[in-house]
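Handing you this structure, nothing more for now.
Every chain is named by a letter (A, B, C, D, E, F, G and H) in the order it is written, and numbering of its residues begins at 1.
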Amino acid sequence: MNKTALLELLAAVERGDLTPAAASDRLASLPFEDIGHSRIDHHRALRTGLPEVIYAAGKSPAQTAEIFTRMASAGHDVLATRADEPTALAVLASVPEATYHPQARAITLRQSMHPEPRGHVAVVCAGTSDLPVAEEAAVTAELFNTRVTRLYDVGVAGIHRLLAVREQLASADAVIVCAGMEGALPSVVGGLVGVPVIAVPTSVGYGASFNGAAALLGMLNSCSPNVTVVNIDNGFGAAYTATLIGRVAHGG
Amino acid sequence: MNKTALLELLAAVERGDLTPAAASDRLASLPFEDIGHSRIDHHRALRTGLPEVIYAAGKSPAQTAEIFTRMASAGHDVLATRADEPTALAVLASVPEATYHPQARAITLRQSMHPEPRGHVAVVCAGTSDLPVAEEAAVTAELFNTRVTRLYDVGVAGIHRLLAVREQLASADAVIVCAGMEGALPSVVGGLVGVPVIAVPTSVGYGASFNGAAALLGMLNSCSPNVTVVNIDNGFGAAYTATLIGRVAHGG
Amino acid sequence: MNKTALLELLAAVERGDLTPAAASDRLASLPFEDIGHSRIDHHRALRTGLPEVIYAAGKSPAQTAEIFTRMASAGHDVLATRADEPTALAVLASVPEATYHPQARAITLRQSMHPEPRGHVAVVCAGTSDLPVAEEAAVTAELFNTRVTRLYDVGVAGIHRLLAVREQLASADAVIVCAGMEGALPSVVGGLVGVPVIAVPTSVGYGASFNGAAALLGMLNSCSPNVTVVNIDNGFGAAYTATLIGRVAHGG
Amino acid sequence: MNKTALLELLAAVERGDLTPAAASDRLASLPFEDIGHSRIDHHRALRTGLPEVIYAAGKSPAQTAEIFTRMASAGHDVLATRADEPTALAVLASVPEATYHPQARAITLRQSMHPEPRGHVAVVCAGTSDLPVAEEAAVTAELFNTRVTRLYDVGVAGIHRLLAVREQLASADAVIVCAGMEGALPSVVGGLVGVPVIAVPTSVGYGASFNGAAALLGMLNSCSPNVTVVNIDNGFGAAYTATLIGRVAHGG
Amino acid sequence: MNKTALLELLAAVERGDLTPAAASDRLASLPFEDIGHSRIDHHRALRTGLPEVIYAAGKSPAQTAEIFTRMASAGHDVLATRADEPTALAVLASVPEATYHPQARAITLRQSMHPEPRGHVAVVCAGTSDLPVAEEAAVTAELFNTRVTRLYDVGVAGIHRLLAVREQLASADAVIVCAGMEGALPSVVGGLVGVPVIAVPTSVGYGASFNGAAALLGMLNSCSPNVTVVNIDNGFGAAYTATLIGRVAHGG
Amino acid sequence: MNKTALLELLAAVERGDLTPAAASDRLASLPFEDIGHSRIDHHRALRTGLPEVIYAAGKSPAQTAEIFTRMASAGHDVLATRADEPTALAVLASVPEATYHPQARAITLRQSMHPEPRGHVAVVCAGTSDLPVAEEAAVTAELFNTRVTRLYDVGVAGIHRLLAVREQLASADAVIVCAGMEGALPSVVGGLVGVPVIAVPTSVGYGASFNGAAALLGMLNSCSPNVTVVNIDNGFGAAYTATLIGRVAHGG
Amino acid sequence: MNKTALLELLAAVERGDLTPAAASDRLASLPFEDIGHSRIDHHRALRTGLPEVIYAAGKSPAQTAEIFTRMASAGHDVLATRADEPTALAVLASVPEATYHPQARAITLRQSMHPEPRGHVAVVCAGTSDLPVAEEAAVTAELFNTRVTRLYDVGVAGIHRLLAVREQLASADAVIVCAGMEGALPSVVGGLVGVPVIAVPTSVGYGASFNGAAALLGMLNSCSPNVTVVNIDNGFGAAYTATLIGRVAHGG
Amino acid sequence: MNKTALLELLAAVERGDLTPAAASDRLASLPFEDIGHSRIDHHRALRTGLPEVIYAAGKSPAQTAEIFTRMASAGHDVLATRADEPTALAVLASVPEATYHPQARAITLRQSMHPEPRGHVAVVCAGTSDLPVAEEAAVTAELFNTRVTRLYDVGVAGIHRLLAVREQLASADAVIVCAGMEGALPSVVGGLVGVPVIAVPTSVGYGASFNGAAALLGMLNSCSPNVTVVNIDNGFGAAYTATLIGRVAHGG
C-alpha cells in the first residue's frame, strides 16, 4: 500500500464514503492470501519487482504443488527451487505447462510476455561438479527475463581457461561465480571485470571443505572488492540479485 | 591490454616497427610498478573502473604513507581504510590535501573532477555501535562519486523506526545494511525494497555473537533473496559493489 | 518431601510410632519406580507441576510403549515427543485412547479433568517448513491445558504479514516463535509485545544454516530483551516454559 | 499507536478536523526522537511495558551520557549496562542522582514511584566468579521493581549447598541461574522448582570453556524442560524476562 | 623386551652363544605378527597389562573375524567393540564360544581363568538413551575381571534419584559416568565421591548437542576436580582406565 | 552426613534429647560457611578426601586472600591455582607461612603432618613451553603428599628422548602427560606403560592450535585406551585425579 | 605456451606467414578441449609434468566414463579417484584395458612406456582402517611410475612396530603418512627421517575426531618441521607431491 | 645409532671389550644433553639432516639465549624463530656474531662452511602484509644454504602481476606461497608450475578470516594437486621442507 493509495483511502473517509471502522480494517489488512499452512504473498511482485519463489526442499510434493498451482492461477511467473523428481511430478500433474529442469533441480512456469531480455549475466563455474548450482542460477535468471552466458569448468588451477573467456566476462552487467573446494575463482574473476561479482560457494569437496564452509570463508575474505557472497549452493539468490542489477542497467 | 592494443602491437611487428623479441617483452610486462614491498596496480582503474584502495590495518604508518603518496602522485583518487590516528598523521604529513574521517577510520583524497554524483546508495545501520562500519561505507561511496542517504539506528526491535524511512529506502539504487548482534535487519529491509541489498555484518555484540559471526551467518541465511553479504565490518567492500550498481544504473 | 512431611515423620519417631531405622529408610527413598532401564519419576508432578515427558527419539518403540503404559497406569496425562510412525503404532496398541499427531510427531493422552484452559500462548512460525516444530509446541501446550493461538507463515521478509496479526500477538501471556534460516523473527516479535518471547530455532535451512545453528546464534544475540531461547527444534521445551508462565498469570 | 488511537484519528478525518494529508503524516510518524547518532524510542514503555536500556559497551562515555540524560529528561527510569568507570563518571556528571553499581557494571536512575515490588525473582550463581553477571541481573530486576533473593556460590560440585536453599528457590516466580564452566546448575535447579528457570551462561572458565560457549551449549541441552537460555553474560536480558514473568504473576 | 631380557641376550653374545648379527636382528624385531593388513600386537599384554582390543567400526566383518580368530588362537581374552549384527555373525561362525552383547555392541571371549574379580567400578548413566555406551563400559570391565555396579537413569533433572544411590557410588574404586545432552552428571557425581570419576560424553541429544560435543565440553569444564574425560561414546576407554585403577587398588 | 550420623541423630529424637524441629534444622543444614560472596565447603575433605582449592583466576587478590585465610584458619592444607604476582603478595601478607611457586603460578600451605608420601606420579611434558602446566601438576601432587618424578622435554619428534626414560615411567602409579601443539605424546606414553595416563592439553602453539584445542582433540582421540583427558592447561585437575589413583594404590 | 613458441609465432607474423588477426586468435586460444560440461586440459602434462586426474565423487558414472575415454583417446595415462563400483563398471565398459582397484577406489590406465621407476616413496599408515587412503596414495604413485614401499598398521600406541621399520623409512625420497584419530604418527615419523613427510589425515575415528578434523589439526601442529599436510583422506594429493619430489631426486 | 654402530657395539661385547651391562647402558642412552628445562637434541643433525631450531615464542628471552648459546657452542648453525626485540638483545649479548632479522622475527647464526647453495626455492606472497611470514621462510632457507628468489605482492586480484613472474616461478625446485585472506594464491601458482608448492596460510585478514583459518581451509581444499600445507604463519616449516626438496634435487 503506497502513499497514493493511503491518501485515496483517507479521502474516502473524509468524503464519508468509508466509515472510520472500515478504513481501520482496510489499513490493517494487506494483500496476502491465507491457505492454512502458508500465507502467499501476491503483492510481493509490486513490492520488490519479482514474484515469490517456492523453496521446495522443506516441503512435501503435495504442499509444493498446491502453492505452485495457487501462484500459477494468480497469473504469476512461478519458480520452484530444490525440487526433486517426485515434486516435479506432483507439480506437472497440476500445472502441465510448467517445465522441469533436472540438472538445476528447478520447476519454472512462464506466463508473462517478455519481448526481449533486460540485462545480461555471466554464470561461471569452477568445475563439472558445480553444474547443478550454476544451472539453478542460469535457469532462474532466464525465467526472470535476463540473458545468460554460461562459462563452465574454468577453475583457477588452469588459469588459461579463464583468461580465454575474459572478453565474454567483460560484457556482462554482473557475473555469478560458483565454486566449491577453496572457492578461489571469484577473487580472480573479480580482478578481471569492472562489474559486481556474486560469489556462490558450492558444497563440492570433501574433508576440510566442510560441505562448502571453506569455499564460503574464502569468498567472504576475497581480496577483490567487487565480490559479494550468498549462502552455500544458493544459485537462486545469486541470480535474483544479478537480475536486479541487470534491470537497473537497462532502465530499472 | 585490450584486443585493440594487441592488434596494434602485432601490426607493428608485421610492419617491422617492432622486433618479435621486443613485442614478446611488451606482451609479458603489464603496467604495475614495483616499489619493493608492494606492486602498485596503476591500471586497475582501467581494468575495473575504480582505483586500488589501501587496507592500512596490516601496514605500518610509513608503508601506508608511502603507497598513498605514490598513488596520489599518479593523479588517482585515493582511499585508505582501517587507518588509525598515527597512520592518518603520517599520510597527512606527506599529502596535506588528504582528509581523515575518524569515525570511518578512513583517509580520502579526491583529485578527479566529478560534475555530479552518479548513483544513489542508502546506508542503513541497526544501532549506534554500528556507526564506524556504516561511515566507512558512506565515506567510500562518496569518494567514488555516489550520492549517499544515511539512515542510522533503525534496528528491528523497534520496527516502526524502519517503516518510517521506507520511502527513503525505496529511492536508492542499492541499499547497504550494517548490523551486528543477530543481523536481522537486512532480511527486513530486503522485503521492503526492490533493489539489491548488500549486508555488512558488524562485530558489534558479545558472547555468542562471536565477534560478528552470528550476524554473518544470519545474513547468509536471509530469507530475502535480494540480499548478498560481505565480510564482517567490511563497509568498504559493500560501498564498492554498491557504487558499481549505481554506475550501471546511471549510464555505466 | 516438604518440610511438613519431614516434621510429621520426625514426630512419629518421637512418639515411638516409627523406629529410627525405618525413618532412615523412608528419608532415603524417594518416590520413583525402577523398571530396569528407566527410573520413572512419579512425583515430578508434585515437584515441578507438570508430568514427566517421554523423549522417544533415543528409544525403541517397545521401550517408549512400556514407559508410556506405566505412566498411563499411574493416571498421569502423558506426552511422548519425537515419536515416529512405528512408535505411535506400538503405543496405540497398548494405550488405544492415546492420540497421535503426525505433523507434531507427538503422542498425547489426556486423563485429567480440566474445566477450562489456564493461560494463553501464541505460537508463531516464520515459514511452512517450520510447522513440525510449531505444532510440537502447540500440541504440548494444549495437553498442558493452555489455550493456543496459531500464527503461521509470517516471516520477516514480508513484514506486513506479521504486522497484520499484531493484536493477536498482544493478547497472549507468552509468545513462542519458531524460525529457521536467519532466525530474525523473535527479535521483531519481541519489539511488538510486552510479554516473554520464547524463541525456538529450527533446523530449517541449508548450507550456512548449519542445521539450525545460524538461527540459534541469531536468537541468542537478539536485540529484543524479552527473548529467551531453547534448543534447536525444541518446540516441547518452549511450550513447557510458556505453560508455566501462563499458569502464573492465571493463579499459579 | 493502538486501535483506539487509530479510530480517533480516523474520526477526526471524518469530522474534517484533520486533512487526509495531515493524517497520512501522523500515521507514518511514530514517537521516537532523532538525536543524530541514535533514535530514542520513547514509546517502547507503552509498547513493551519497560523502558529502553542503554548498552554502554559499544558506545563512548559521551554518547552514553547524552542518551542517558535525554532519557532521564523524559522522566523515565533509566538503566545503562556494561558501563565502565569512565562511563559512570560521565553519566553522573550529567545526572548526579543516578547510581553506579560497580560489581554489576550498571548505572541506574529511578524516577518512578513504586509503592511495593511486583514479582519475586531468585538470582542463583554457581561460583564467586559469576558475581558480576548475577549482580547485573539483580540490579536490573530491582530497578524494574521486582523483589530479588540472591543465592550465590551454590555450584553443583557441592550439591548440598544448593539443596540447603531449596525452599528459598521454591518461593520465587522465576529463577535466574548464572553459571560458567560446564553450566550444569540450571538443569539441577530446573529439576527442583516448578517455575521458569532462565539460564545465563557466563564467560567464567578457561581452555575448552571457549569464553562461555561450553556453558551455553550445556544450558541449551538441559534435560530440565523449564529452562530457557540467554546470551553469554547477559544478566540484563534474564532479568528483563524474569521481571515480565513476575508482573504477570502479580496482576500484569 | 625388558632390561632383564636384554642383559640375557647380551650375555649370550658374550658367551658366544649368539652372533652379533643374530643379536642385532633379535633386537630389531619385537613380538608382533604381520598378517598383511594388520600387525597384531601379542606382547601388548606384557607391556600394558591388558589385551589389544578390536575396534570393529572401521573394519569389514571378514577383517574383524580374521583378527578375532588370530587373537583367540593365541589364547588371549578378546574384545571387539562397535560390532554390528553382521560382524557378530562372522565372528561367531569362526569362534562359536564367543559371546555377542547386542545392547553394548560388543563381542567377548573369555579364555583366562579368573578366580575372583579385582577392583570394583560403578557405571552410572543419565538416561535410557545412554544405555549402549554404559553397557559397552560394563561389558568391557567385566571381561577384564572387574566387578561392576550398574546405576542407570539417574540424571540431574531429578537429583533425588542420584542421591538415593549415593552409598553404592561411594563403595566403588572408580566411577564411570555416561551422559549426553548437557553432560552435567559427572560434576554432581564428582562432588559426591572421593574416587576418580571417568566421564563419557554420549552422542545422545539433538540440535545444539552437536552429536555429543556439548556434553564433551561440559565434562571438560567440570568444576569437580576428580573428573577426567574420554571421547564421545567411548565406553570402552573409560572401562579400560577404570579397570587399571581397580587393579591398582587390589594389588596391582 | 553419613548413615551412622543420621541414625544417631534419629536416636536422639527417639530418646527425646532432640526435638523434631531441631532435628529438622540439623538435617537441612550442612557444614559450609557463608562469607557473603563465597560458601566455603569445609566438609569437602570429609566427602571427597582432599581439600577444596581456590581457582584464583576469576577472583580479585583480596577475594583470594580472604578465602585462603579462612581455609588456613580452619587448619586445612590450602592450594590456590592460577595466582599471579599481586595475588601471591596479597595472600602472603595474610598468611606468611604460605609458599608461592611462580612457574606453577600456585600458592600452597601445608599444615597437616605427612610422615611419607602415598602414591607416585610421573609428570611428563613435551617441551619447555609446557613447563607452567607441568609444574602446576607437580606442585599440586606434592602438596597432596604424592611423590613426583618430573620428566620434561621429551616430545615425540625426538622419540629416543622418551624411550630413554621408559623405566622411570613404568614405576609410577599414574602418569600425567602435558603437551601442546599436536598433543601426540600421551598416545605414545600410553603405549609404553600399564597404568592410567592423564593427558593435559596445553595452550602452547599458534595458528591452527587454536589455543590448545588441537591438542585437546588429539588426546580425546588417542588410540591408547589408558588415556583420559582434562581441560586445556588444567595441570591441577590432572594431579588431583592422579593423587586419588596413587592413594588407592597405597591403601586408599 | 612457452617463450620459444611465442617467439616463433611472432616471427611468423614478422615474415608475413601469419596475419595479426590470426596471431591474436592463436594467442587467445590455449590447448584445452570443450566437451560441454568439462574443459579437458590436455596440455597440463606439458605445464605441470603429470596428467590431469578425474575426481569421480562429484560426477555421474556416465560423466566420468566420458571424460576417462576422452583422455584415454588422447594417449594419456589416466587416473580416476573416489570411483565406486558403478563408476568402475561404466569406465571399464568403454575402456576395457583400464584397471579397477577396489580398496583404493581408483581406476587406472597406463599407456606410456616406463622403463623403470623414478623415485621411491614409503606409504605408512597407522591402522587397518586407514588402508583405503593409503592404497589411493600407493596406486597413484605407482601409476606415476614411482616405486612404493607399503608400511601399514604401525600406529604410535605400539611404537616398537614403527621402530622396526625405521630402515625402510630411511631409504625413501619422501614418506606419506596416513593416520586418523589423533593423527600423531607423522610427527613421530618426521623425527625419524631426513626427507619430506606428507601427512594425510584420514576420516577414521568417531566422536571428537569430527570426521578427521582432529587428525588434520594435529598434523598441522606437528612439532616435526619436515611435515606438510593435505586434505582429509586425500591420498591422491599426497602421492602427487611425493612423486614430484621423487622425480626431482632422480633427474627431474 | 645406525646398524653399523650397533654391530660394532655387539662385536665389542663378543670380543669381551665391553661388558653386557655397559653395552646395555650404551644402547639405552642416546646423544641428547639435559640442561634442566630442555633436552637439546644434538644428534638431530645426524638423524634428519638439519639442526634443531628454537621456537622462541613460548620461551623467556633468558631461556632462548641459554639454548641458543648451548647450540652455538656445539658448533651448529642455529636459528631462533618468532623472536621479538628483547629476545634478540638477550641472544646477541651472549652470541654477538648472531644476526637479527627484524621483519622475519628470526635470529640466525651461520658457523658451517657452505661453498655454494644447494637447491633453489621461490618464496611468493600475496600482499605486503604477508611479508613477515614470507621473510621467515626466506631467511630460514638461506641459513640452510638454499638459494631464494623473492616474488612479493602478486595476489590473485591482479592476476597479471603473477603471470609476469611465471618464468621465475618455473625455475625453482619448490615454491613457497604465503597468503592470507582467501588463500587462493597457492592454487593458481600450483597450476602454473610442475614442482611441489608449499602453502603457508597467514593470519592476515579480519572478520571471517578467523586469524588465518579461512586461508588455511582454502589451501587444504586446493584444486591443484601439487599443493601441501603447513600451519598458519609457519614460514619456517615451509622453508624446512622446501630445503629438503632442494637438497634432494641437488644430490641429497
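Odds and ends about this structure:
Assume a contact is a pair of C-beta atoms (placed from the backbone, for glycine too) under 8 Å apart; a residue touches a chain by one contact, two chains touch by 3 or more.
Treat the numbers as computed from the prediction; the structure is a model and nothing was measured.
Graph distance from chain D to chain F, where chains that touch are one step apart, equals 1. Looking at E-H and G-H side by side, the one with more C-beta contacts is G-H. Matching residue numbers shows that A-C is the pair in A-C, E-H or A-B whose interface repeats D-F, with more than half of the contact pairs in common. Ranked by separation of Cα centres from chain B, the top chain is E.
Our note on geometry: chain B versus chain F, Cα centroid distance of 54 Å, whole angstroms.
Mean C-alpha position of chain F lies 49 Å from that of chain G. Rounded to a whole number, the gap between the C-alpha centres of chain C and chain E is 38 angstrom. Rounded to whole angstrom, the centroid-to-centroid distance between chain B and chain E, based on C-alpha atoms, equals 59 Å.
In chain F, 3, 127, 158, 163, 190-192, 207-209, 213, 216, 220-221, 231 are the positions where the chain touches two or more neighbouring chains simultaneously.
Across the assembly, chains come into contact as A-B, A-C, A-D, A-G, A-H, B-C, B-D, B-G, B-H, C-D, C-E, C-F, D-E, D-F, E-F, E-G, E-H, F-G, F-H, G-H. Listing the residues of chain E that touch chain H in their complex gives 3, 6-7, 10-11, 13-14, 16, 19-21, 23-24, 27. On chain A, the positions that touch chain H within their shared complex are 126-127, 155-159, 163, 180-184, 187-188, 190-192, 205, 207-210, 213-215, 217-224.
Against chain B, in their complex, chain D makes its touches with residues 28-30, 32, 37-39, 41, 44, 55, 57-59, 63, 67, 82, 201, 203, 211-213, 216, 231-234. By the touch criterion given at the top, residues 3, 47-50, 53, 167, 173, 190-196, 198, 216, 220-221, 225-231, 236-238, 240-241, 244-245, 248-249, 252 of chain E touch chain F in their complex. Chain D makes touch with chain F in their complex at residues 127-129, 131, 152-154, 158, 160-161, 163-164, 204, 206-209.
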